[in-house]
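Scrolling down, you'll hit the structures one after another.
There are two complexes below, and they share subunit A, which is joined by subunit B in the first and by subunit C in the second.
For the complex of A and B:
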């Protein structure tokens, strides 16, 4: 195992992807649940598109950011739980006895998250288009959507890795799921911030970085190319990635020490 | 152990003690509370949509759904407890000791009702703090009665699945159908404002009638109360038979 870091990372990323692919229940829930909630929201809240000042022609277009963000969350929890399982099962400790660097396990896991994010992004865009979602920014916009979604998945994945490395417990990682879920719903995911009536909710949505990720993706669907919103979305995603990966690296050092 | 009611009382007593000895018994209220806060806080303007004609307002509209979700999830969580009792061996000893085993189901159901009295009250207190208007008067008892029926039906459904599968891995099998029934209904807006396939499914979903009636009770303008209670009692009857079937299977396997 005297291979270079990229080879080690590639091997562990492949392991991460294969482990996900071999669990059909994980793949199905990662694809099915976000689309199901999207569909329920889109048809359940369609009437909201009649509100004065609503920024999209249909709620279907407006809500399309929802499955993309939710899918990133699912991917992060799954990957974090897998990493925690590796710690619980002793795989991580055995890995430390080999010349393979522990950081490759972390990077491999994040590689797996990116692969799952890519699959989810492509599938959701395909299904969304079939359902009638009109992506105003066109084909290039779709590519940017997938890229931003993968960045978001990487950021959430880093947070999942911190939880896994700090606790070493699958249960602890999975119990964080409701917190992520709360963070998604307490954002501008369901209505634009200017249409949120309750001041306290609008305040939370404004300080919640997820609002800006949502608005970045959404702008590509309902507006087209809105440089400012998109730049804020990417900046937020990049900041989450940097903070989460730094935290994950520090947690890894503590775990290895 | 004695007859039907004695067994039911013993099981209920143990289960209620277990609930109150562990703050986790409030868990079924967490998701409904979260959805209530998220929907009532974030979607209030939806109440201004043309055609939205629920007089008590959007927060009250969401409260009723949150309350019914809390009581239904309370039933589901009781199913998880039963599955846990099978895994840790308690249920096996219970089946050996109980003279009349049908009382076991009644015991768990009573305990579930006690649990949701607390979790339902918690949701209601938070809704009152947020400012829902109470305009139903005596009709509110109609809402409470429907909530109780929803809880009993969900508990019996969960009990049947738990006794049939006898493992905590039955969790998604209990939770997912309940979650689907709750969401494939007029959650955000009245039925007439839903669109596409969701409106079609919501029309066929019996829970829609129960939800409409419950909202009517809160508004003090009862609508389709009789069909809603009819559906409630029918679900209780069907799932009671289902739970008994699960119990008989568990007896046969001897778990």
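For the complex of A and C:
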């Protein structure tokens, strides 16, 4: 006897969501910390908006991409740590003893990440609007922002899954968080690339794919519909998703072999 | 042995990298509907054997067939046939008992209605109906074990693997679990492969017992037959006056070989005579005792006979128990 792939994915995604919902601390952290950083940055660095060539009217609008990217990362690390915890606790073995298709586990986990990403996106947009963020692309742009954010969360989630499946260690997954954080800061998250003075920083920000994810989301807030920037953002996100999920699938095959 | 049959193992070996031969060429056969007790100290190779038989760990060499399916080549078929409760009750702390059963049922392909019905039935059977909607993090060790057993039974397996199911449980929870395991075998015809380090558990539950030590099966038979192999009971006497210990030892020595005893006591395995003869011999020499006990052979005596060590405290903390 065995269930179909959609039933398995739905059951595992439901578990993933239930786990998250029943840990209020996780939800609060996932919502609070990105918004806290955003508030501090937006008001602390407001003067940056007066720099010649700065692309936004306010730093608040410019910085709005930050909590969305950080939240995606947060959700992915939490999900990766959950998967590693399943391996450590033996729950993974319990699942392996069922007729579950290994890919269901991955898709179920990613389903949970998407659900959290959706919640974060909607909440951040609501709070951002209340704080005065002006999304130039309008309501449809907001939908696209949430969609792009979920795609980013999926990509980061894939990387979290690789770490979890390769190491089987919660500690290893959680210790990767600062590295991701550094990667976010080494992008155009705080300043547009053309205004970064240090050559080495500008170079890293230019080759850092996170810059293009940030710029894609940001363009919808500060510019409106910039097809080129948006297309590059989506292409980067899709590439990360494809590479990360392929890596996660390979890691999963190794883990269940 | 038929497809729905028991378990057949031949020369099964598992060697860990830079580690010992955790399982060193064991062979055994478990008949359908039988409760097979796999008894041994910590690190003997019990859990490693279970992991191989449940397809979670590949053997280094040898063959094993579970329900007629090869554990290496026919893993999915094996997994569809078996249920397993491994050494640690692997549960999600943030899910309820009912959530666990729902998830397990969904992964096993039970239709939604049957999933719910089977979940209720199992919750009731393991006495968790009232706690069904509580998160598992609030469960006691016994409740977690019972839920673990329920999860292993969701898809009505014909073979059940239980790896030290009662370790750490209070006597009441232990008895309840024994009753359920026994019922599963007697009423539902489930084949049970049970590892334990508790002599009493193997004695009470198992139809046959395999005793494993350092990766080898050192004895295998029904508990009664294994004890009968030792054959003779032992007598332990504690002299009233500790100065008379040597005299008591001499008197008892006429009935058999001296074996280890409690401090201050003398114990012999009876080769000749019975308890009445021992009492008469002590009386004839005017030796007074504060305690006189006749012990029938136990599985610990069997372990002692086969390995030269007592099962209690025979665990090897350095050994790798996968």
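As a convention for this text, the second predicted complex is superposed on the first by the 256 of 257 C-alpha atoms of A that agree within 3 Å, B and C clash if a C-alpha of one lies under 4 Å from a C-alpha of the other, contacts with A are read in each partner's own complex, and residues count from 1 in each chain.
What we mean here is this: contacts are C-beta pairs under 8 Å (C-beta built on N, C-alpha and C of every residue); 3 or more make two chains touch, one makes a residue touch a chain.
Source: prediction; values computed, not measured.
> With both structures lined up on subunit A, is it a clash or a fit for subunit B and subunit C?
fit
> Would you check which partner chain A:47 touches, where first means subunit B only, second means subunit C only, and both and neither mean what they say?
first
> A:179 contacts which: subunit B (first), subunit C (second), both, neither?
neither
> Would you sort A:122 into first (subunit B), second (subunit C), both or neither based on which partner it touches?
In the superposed model, A:122 contacts neither subunit B nor subunit C.
> Treating the CA centre of subunit A as the corner point, state the angle out to subunit B and subunit C, nearest 10°.
Spelled out: centre of subunit A as vertex, angle of 90 degrees.
> Output check: A:97 vs subunit B and subunit C. Expected answer is one of first, second, both, neither. What do you get?
second
> Answer with first, second, both or neither: which of subunit B and subunit C does A:190 touch in the superposed model?
Touch status of A:190: first partner only.
> Quick one: classify A:235 as touching subunit B (first), subunit C (second), both or neither.
Neither partner.
> Considering only the touch criterion stated at the top, classify A:32 as touching first (subunit B), second (subunit C), both, or neither.
Touch partners of A:32: none, neither subunit B nor subunit C.
> When the two structures are overlaid on chain A, which partner does A:250 contact: first (subunit B), second (subunit C), both, or neither?
Neither partner.
> After the superposition, what is the least C-alpha distance between subunit B and subunit C in whole angstrom?
18
> Touching subunit B in one complex and subunit C in the other: list those residues of subunit A.
Touching subunit B and subunit C on subunit A: no residues.
> Show which residues of subunit A lie in contact with subunit B when the two form their complex.
Residue positions touching the partner: 39-41, 43-48, 50-51, 178, 181-182, 185-186, 190-191, 195-198, 200-201, 205.
> Within the complex, which stretch of subunit B touches subunit A?
Those residues of subunit B that touch subunit A are 30-31, 34-35, 38-39, 41-46, 48-52, 183-184, 186-189, 193-199.
> Under the stated contact criterion, what part of subunit C meets subunit A in this complex?
Touching subunit A from subunit C are residues 54-56, 76, 79-80, 82, 84, 86, 88, 90-92, 94-95, 99, 102-104, 106-110, 135, 151, 155.
> Going by the contact rule set out above, which residues of subunit A touch subunit C in the complex?
Within the complex, subunit A touches subunit C at residues 1-4, 7-8, 10-12, 14-15, 18-19, 22-23, 86, 89-91, 93-100, 104.
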